[in-house]
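Here's a structure for you.
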Amino acid sequence: MIAERSVSVEDRLALEDLYASYAATLDDGRFEEWPEFFTDPCTYRIVPRENYDRNLPLATLSFESKGMLRDRVYGITQTLFHEPYYQRHLISGFVIATDADDVYTVRANYLVVRTKAGSLSEVYSAGRYADVVVREGGRLLFREKVCIFDSELIPNSLIYPL
Amino acid sequence: MIAERSVSVEDRLALEDLYASYAATLDDGRFEEWPEFFTDPCTYRIVPRENYDRNLPLATLSFESKGMLRDRVYGITQTLFHEPYYQRHLISGFVIATDADDVYTVRANYLVVRTKAGSLSEVYSAGRYADVVVREGGRLLFREKVCIFDSELIPNSLIYPL
Amino acid sequence: MIAERSVSVEDRLALEDLYASYAATLDDGRFEEWPEFFTDPCTYRIVPRENYDRNLPLATLSFESKGMLRDRVYGITQTLFHEPYYQRHLISGFVIATDADDVYTVRANYLVVRTKAGSLSEVYSAGRYADVVVREGGRLLFREKVCIFDSELIPNSLIYPL
């Protein structure tokens, strides 16, 4: 399914580092750093699996530039009325392919555990990433990040990036 | 406990790739590809931890050949009456040993999150794999895969492979 | 935020092995082996995220030597009255830095799933480790292990190490 060209050990670990750093940034709530993980323009989408599998275009969220990502961060931190919560990302099962220099297709499973103040931690969203990563200026960046979540339901509304 | 002979970086990452690919196949619901991860004959067992720790032979599922695995797939996709659900595997904590050329003992923790239509994602099964992996025709395959799950209870019945 | 000095592939994988082995030891309930993962003296703390982020000193548990860790094990296995449960650690998202020979700062996300007898597996604790690992006598050991958990609530009391 995914084209098999060998990915070097260094590149593979650098890609895993990218996801670890991405998760740490979101889980720390350092949202203003989130757009810096993307190229400009870029694709960031959160899509229910039902729609993704049927090639339906509807997405829960869809952004196409760093400007749009920054707008979202502004919304999260300044204007969106919501009860704050903690996120905790567990990401594993990397399937990495590359068919051209410095363009990587990355698939990985994710689980986000949510914790609201005064509550127990709970499963929030499970699914997978279908991403395209490129190297720009020596840094790995997401050119496309698609978060495909398994449940049509998300507890309450989805506020923070996945 | 586990014999320590050094596993090369390449072999270790190839083993992690095997699990990532295994998880992706199951989580995508591509069950007809599942038997191809095994040697023939093989061992595939799903065992409650209580029984495993006490060396009790009882298993929830137990298969010994690719034919039996294919029968299971036929059951899953054609005859078993069940409500479909999505699985999402998170696999980590690989402890790998090898005591002979191309025979690997692999232990890893797994968590499977289940999502039923119209429901929230939920913890379905947590446990560990106790596997033996060999190389055949240049491909890594499971000669033994034992899924040892922590809970005696599994929500509803267990339909899909873990 | 974290100093970037390159960590070799071998060291990085050895560190991941350390966490895999640590998780396997705890999840198997081999608690008497747990103190052997630490230097002496050492720091082992379990801290709610709220307190950690505000630099408040209060910790749920705090130990400073292998002797204290062994006392804890004695408590767990001999004197603490509690309902036994299984733990299952999922650890991922390693962010590793080193600023001196053989001293590693490791951050990783963890999820612990708990299973009590006759119950379903459930999310028990999610959070992150903020650790310092050193090499002593050829073995990687925790000089500091701080478990920062997201929820102020932990289902029932916390008995086993995280």
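Order of writing sets the chain letters: A, B and C. Residues in each chain are counted from 1.
The rule we apply is simple: a contact is a pair of C-beta atoms (placed from the backbone, for glycine too) under 8 Å apart; a residue touches a chain by one contact, two chains touch by 3 or more.
Computed from a predicted model, the values in this text were never measured in an experiment.
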Relative orientation of copies subunit B and subunit C, as a Cα rotation angle in degrees, nearest 5: 120
Subunit B against subunit A, contact positions shared by both copies (same if over half, else different): different
Centre-to-centre distance between subunit B and subunit A (centres being mean Cα positions), rounded to whole Å: 27
Shared interface positions of subunit C, touching two or more other chains: 9, 90, 92, 111, 123
Contacting residues of subunit C [partner subunit B, same complex]: 9-10, 13, 16-17, 19-21, 23-24, 27, 86, 88-92, 111, 113, 115, 117-123
Subunit A residues within the subunit B interface of the complex: 9, 12, 49, 90, 92-95, 107-109, 111, 123-128, 150-153, 155
